[in-house]
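We just call them A, B, C, D and E in the order they show up, numbering each chain from 1.
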C-alpha cells in the first residue's frame, strides 16, 4: 500500500529521478566540534530495502537522525522526492511520511501498548482503527498486551511496539535503527520477516544493522560506513561476496 | 472540638486546600514535562493576583454591585488573573527555560534558574506595584449563602470551591482526552521520541506552562480575594502547594488535587488542635510521613490516567 | 579624638521600620525627627550642622543588630532616636550600649526593656504595663466583657502587651482565652473561626497593623460580633485602608495623643502637614519632642558633646515637650504613664481621649 | 567442601552427586511484579570455575535473575546461597547490592553503566577501593593507612586495566571511550572488586563480529587466568556455544533446559522457544542422543522428578566441564595478574 | 543548481524551510533586544506605590528612559549586525572564552605545578588575612557576619550537593542547630544547660549534635529519589524553623537568643573588635578546606562521584551508597553547625528569622553559581552573591537588590551554567550531559529501587 503525503502533491513534476525517494548529498554532521558524518552520499529508491552497515561509532545512527530531522547537517542536502528537507524539524518531517524507529526502542514506558500506538498516529486527527488492526495482526503478541504498560514489556516486545508505533504513522519511508539489538535469535528472525512483509506492502525501508549477514539477506542494496564516510556500497549480493566485508563484518577472517 | 466546629474547620480546610490543589497542578504539570521544580510558579500565582487586582481596579466596581454585575466582576477577575498567570508562565518558559532545554542542561541548573526568576519576579512586582499589601476590590457582597451540617459558607468560599472544581475537572479532561494531553504525556516520558511522532515539543512545553499559568493565575486571583494581594504573597502557598504536589505524587495531576486538599485540611485542623503557630508544621509532618511510607507519593508518579 | 567626629556636622540617627511590613509606623516617626532637625538647622543656634541618619531595621529583631551597627560605625552619629519597635530594641540595645550610643526610643513599649540593664537605653514613652492595663480596664469597667479572646503576634511587643493584659483581665475576674497567631500568617480564616467558636464577646489583638488588618477582615467574614481592641501597633490609617469596613468599631489604644487634635501640638501638626503633605501619625509628635530634647542637650553641651556626655545629659535631664514632660528614672523609664483611646468610625480613626477617664477609673 | 550443608536444599540444581563443587546455588526463586511473574521457581547450580550461560527469549527473566542474584530485586520466594571458596555459606536473598558485591559477586549491566565523567582509572579504583579500609577521618588527617590504601587501589586498578587491554587509556574519560572499550572497562571495574563470580549481562550486544571475538577471548581469560566463575547472559549463540561450559535456558520465567551447549541447542523446546527453526544449521554436535533436559512440567516442584533429571544432566557434563573448571580454579591463584593474595583484601 | 527552483507553487517542504524575514536570527535578536530594553526600563524605573497602582508603569513608559533604552538597544543591534567586521568579531570573541584564556592558563598551571600552586595559595592567604584590616567597619562586618559565614556554609553544602549530589534544600536548618547549640551551652536560652561551656568547647558539641541530626534526617530519607529528598529536606527545615519559632519555652521563640557570650581562650576575649573574628574564621575555613580537599581526592570523594553519577552501578560495585550518602550529609551538617556556633558567638543575638528557608535556597544558589564541586568555586560564589546585594545598597533602591540578584542568577545559568569556577569533574559531567550522556546531577533512582 502507498500512503499519500502532502509532499507528493507538491512535488509532482520533479523530473530526473522518478523512482528516487531519498537522497543524501555530501552531508556532513557535527556534534559540537566533532565531525561524526564526513560527507555522505546515499540514495534510496522507492520500494527498496537498503541496509546501512558499519561498526560501532561509524555514524549509522547519526545518519538516520539526520534524515529524520533530529539533527541538522552543517553541509550538504537531504532530499525527499527531490525536494530539500534538511532544516525541517523532526515533528514536521513526520508529515512527509518519514518514520524513525530509534535505537534502543524508546517506547513510552508509562503508557500502555495501545496508547503508544496512538502516539504513533499523533499526526492524524484520530488514530486509524484499520491501521491499528493491521499492526495487531502483524504482531499478535502486542494484541495480547494492548493495555499493559509498555515499560513492563520484554525487549523483543518493546521492539515490536516501536515498529508498530512507527507503522501507525503510515510511513512511506521507515528508518529502522538496529532492530535486532539485544533480541533473541527467534525474535530477530520474526522482526526481519515483518520488515520484509512491511516492505512488500509498499513501505520503503532504510535499515541500520550490525548483524550484516541477516541484513544483507533482506536488503536489496547496502552501504557500509566507516568513521563517518561511505566505505563501500552496492547490491547486497555483491557486498556479501566481498572478502573485505566478510572479514570485517561477518567475523570470518578471524573465526 | 464539637462536631459542628469540626465541620467548620473541615470546610475551611477544603476551601484552602482547593486553592493549593489548583496551584499544585501547575507544579505537577511542569514537573511532568521538564522534571523541573518550577520555583517561579509561586510568582505566576502572585502575578495572577495582581492581574485580577488591576482589572478590578480599572473597572472599579462600586460599593456593592448587584448580583449580575458581581458575577461579571468575578469572571473578569478570574480571566485577568488567568491571563497574567499564563503570560508570566509563557514568558518564563521562553526566556529562562527554553535556552536551557535547548542545551540539555542538568536539572539542577533549571532549579537555580527558577529560583533566580522567582527572586526577580517578586521583587519586580514589589517595585512596580509597591510593597504594601492591597485588599482585592470587593466585587460582591461577601454574605453567608448556605450552611453544610452547620458549617457556614460565604460567597468567597463557594466561589473558590466552584472555580477550583471547574478548573480541575476541565484540566483532567484536557490531559486525558485531548491531543495536547497525549502530547504532554509523551513529552514527559521521552521528548525526543515524541518529536519523532510528530509532537512539536516546544509547543507542547509552552502550552503546558500556559495551562499551569492559567490555573495558577486564576488561583492567585481567588486567593487574593480570600486574603490580600502582596508582592511576596506567592511564597508560602507556593511551597505548600509544591509539597502537596509531592504528597500526591509529583507528575500526577489527580495526585496534586488530592495532595492539595489533604494539606489544606491538615493545616486548618492544626489550628484549633495545636494552635495557629503550628499550622505549617502539620503540613510538613504529613509530607514527610507520606513520603516515608510511599516514597513516590500517594498516587505515585504518572501524568494522566492509570493503566 | 576617639569619637572621631569631623567637627562640623553631627548626626542624629533614627532606627525603625523604613521598609518592610510595618513601614507606615516608622515613617510617622521619621518625619517628626526630620522636622525637628530641619527646624533646628534653620534656626542656626547650634555650633554644628545637624544631619538626619536613618537606619532601617524593618521592625525585625534580626535586622536590628546590623542596622544599629551602621549607626555605631559612623563616628558622627551622636545619638539614636529609637529603635522604634520593642523586638529590635531588645536585640540592638546591648550593642548600642557597648558602643555607648544613646538609644532614646519614642515608641518601644515592651515593659521588659528597662529590666535588662541596657547601658544606654532611655524610653520616652509609657510602657505597656500601662497600655495593657488600660485595655483590661476598658473591657472590665466600661464594656463589662465576660470572656476575652486575647491574641498576640509573637513579637516582643505583642507578647509583652498580651502578658500584661492577661494579668489585669484575670485579676478583674474576666475569663481569658489566650492564643498566639504569629505575624505573617497568610490566612487568618482558621484563627478567626477559632475566635467565633470560643464564644468570646471581646477580643484583644496585640500586634501590628499589617496582621491586624487581615485578621479583622477574616473576623468580620467569620461573623464575629463582639468588641475588638488593639494597641499602638495597629494605630495607623493603614490598618483602616487594609481592613476596609472590617475595621469599623475597632478600639485602638496608644500611649500617644492625636497631634492634630491636642492644642499643644496644633502648630507642630501644621508644620508637619506643610512639609510632608500628610497629617502627623502615631508617635510623630513624640519623636519630634525627643529629637528636640537631644538638640536641647547638644546645645547645652556645645563642643564637649560626645556619645557619653550626651547619654549623661539625656538620662539625667528633663524636657518639657509638646506632648508631655520627659524625664527618666534610673532604669531609663519614663515617669509618666498616660494611655489614650481611639476608635475606628466610618473609615477614620477618631480620638476619644484618655482611657483612664473613659473607663471611669 | 562445604556444599554438604546445603545440598539438600539445592539438590535439583545438580548437586546431588558427590564431588560437585558449586559456587552459587539457588532454589525455587520466584519474583513477581504485581500480577506478573518474571521468575517462577527457578533453580540454579553454578559450579566453581565454570562459564555458565543463561539464554532465553526476551522477557524470559534473565536480567531479572541477575538482579535477584545481585540484590537489586528481592524475590518473594526461594533461596540463593553463595558458597565461597573458603568460608561460610552466605544467603544472598534480600542482601543489599553492595553486600552481595562484597561477598564476591560482581556484575555488568545490560546497558553499560559507567561513571562517565570519571577517567577509566578512576572507574576501576572506585570498585577496588570498596575492599579497602580507610575512614573519612584518617583520610582527612592524611594518616598512613589512608595513603597506603590509595596506593594499593592504584596498583590494582592499573593491573586490571592492563588485563583487559586498556592500559593505554588510563586517563581517558570513560564517557568518551569507544563502545567496545567501555564494555571492557565495565568488566575491569567489576573484576576490581575481586569477585569469585562474575555476571555479564549481554556483553556482546551491539558489537560487531570482530569485537565479539575479542570479547570471547577476554571471557576465557577471566575464567582461566583469574579463576573467576562466569555467569553469562547472551543472545549471540555463536559466542555462547564457544565460551560456555554449560547453558541454562529460561522461558517465561522458568527453566526449560540445562546442559552443555550442544545438548541445549538441539532441544526441541529450546528451538521452539528461542532459536527458531533455522538457527542450529551448522554444527550438529556429537552425542545428540543423550540430550537430557531439566524440563519442568508445570508447577510440580517435587524434587523427585527433578533429581532424576539433573542427575543425568550432571552425568553428561561432568567429564567435560566440571573437572576442567576446578583445575582451572586451582591454578588461578598463581596466574592471577595481581600477585598479592586476593583473600587478604577481600576479608571485608 | 537544482532543477526545481523554477517550480511555481512552493511545495510543503519549501514552505517549511522558508523563513519569513522576522524569523531570521538577526531580527529575532532585534526583537529580544527591544524586549530587553523594555524590561530594563521597568527595572530601573520609579518605585511604585499602592495608592496608585499604575504609577510606576506609567512613569516608565512615558518618560525618556524608555526611549533611551530602546535607542541603546537598536544601536547595539546595529553595531553588532552591521558594524565593521572587527566589532562583530569582538562580540564573538567576548562570547567565547578566549578573553579568559590567560586566566584559565594560570588556573591550569596551578593545577599542574605544585610549586606555583603553593606560591599562589600562600599569596592568597596572606591577602585574605591582611587586606580586610583596611576595609571600613561596615565592610568588615559584611565580610565576617555574612560573606565568610556563608562561605563556610557553602563549603559544607558543597560536600552534600557538589560531591555527593544530594539535593538538600534545608541546609540552613543545621546552621540553626549549631547556633541554638551555642546559645544553649552558654546558657542564653530559657532552658538551663547542665554545664556552661566555653564557646570553643561548644564547637565539637555542636558538630556532634549536627552529625546526629544529619544522620537522623538522612537515614530514613536517603532512599528517596533526588527531588523527593529535596522536598523532605525543605520540610525538615521548615519544621526546625517553626519549632525554633514556636517552642518558646526552649528556644525563646521569635524573640530569639540574646547576648550569647563571646569566644574566649586563654584569657583572651573576642569582643567588639572585628578583625580577631576574621582571623578565627579564616583559620576555621582554611583547616576545613584542607581536610575536605583531601576527602575529595580520596576514595570517599570518588565514591561520592560514583553515587552521583549512577547510584545503581555504584552499589553493584560494592559502594555502600547509604553509608557514603550519610557521611556526606553528616559532614555537611556539622560544617553548618560550626558556622552556627561561630555566628551566634559573633553577633550575640539571633532569632529564628536568621534561618528562614530563603537562606537555604540562597546557599544552594551560591554553591551552584560558584561552581558545584569546586572549593574555590563555592567560595567565590558565596563571596560574589553575598557581596552583591550589599554593594547594590549604594547603587540602587535597597528593596530592589534581590531583583538584580535574581536576574544575575538567571543570566548566569543560561550563559555559564557550570558556574564561575567549576570543578573539572563537574565540567565534564556538564559536557556529557549536554551531549545527552548521563544526568550531571544525582536525581536518579536510588540503589535498590527499580532498575531497567
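Heads up, the rule we're going with is that a contact is a pair of C-beta atoms (placed from the backbone, for glycine too) under 8 Å apart; a residue touches a chain by one contact, two chains touch by 3 or more.
Worth saying up front: this structure is predicted, and the values here are computed from it rather than measured.
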item: Graph distance between chain A and chain B, where chains that touch are linked; value: 1
item: Selected pair, greater C-beta contact count between B-C and C-E; value: B-C
item: Most distant chain from chain A, judged by the mean position of its C-alpha atoms; value: C
item: Averaged-CA centre spacing for the pair chain E and chain B, given as whole angstrom; value: 28
item: Euclidean distance of C-alpha centroids - chain C vs chain D, Å; value: 79
item: Whole-Å gap between the CA centroids of chain A and chain E; value: 46
item: Chain centre separation in whole Å, for chain D relative to chain B (CA means); value: 52
item: Touching two or more other chains - residue numbers and ranges from chain B; value: 131-134, 275, 277
item: Shared interface positions of chain E, touching two or more other chains; value: 245-246, 399, 429, 435, 440
item: Where chain A touches two or more other chains at once, by residue number; value: 92, 95, 109
item: Chains grouped in pairs wherever the two touch, ordered by label; value: A-B, A-D, A-E, B-C, B-E, C-E, D-E
item: For the chain A and chain D complex, residues of the former touching the latter; value: 55-57, 104, 152-157, 178, 181-187, 189-190, 210, 212, 248-252, 254-255
item: Interface residues, chain A side, partner chain E - complex; value: 6-7, 9-11, 13-16, 31-32, 80, 82-85, 87-88, 92, 95-96, 109, 151
item: Complex interface listing, chain B residues touching chain A; value: 179, 182-183, 185-186, 189-190, 192-201, 302-303, 307
item: Residue ranges of chain D touching chain E (in the complex, touch as defined); value: 67, 70-73, 96-98, 101-102, 106-107, 109, 113-118, 122, 125-127, 129-132, 134, 136, 139-142, 146, 149-150, 153, 173, 175, 189-190, 192-193
item: Chain D to chain A touching residues, read off their complex; value: 33, 36, 55-60, 110-111, 178-180, 202, 205-213, 235, 237, 273-276, 278-279
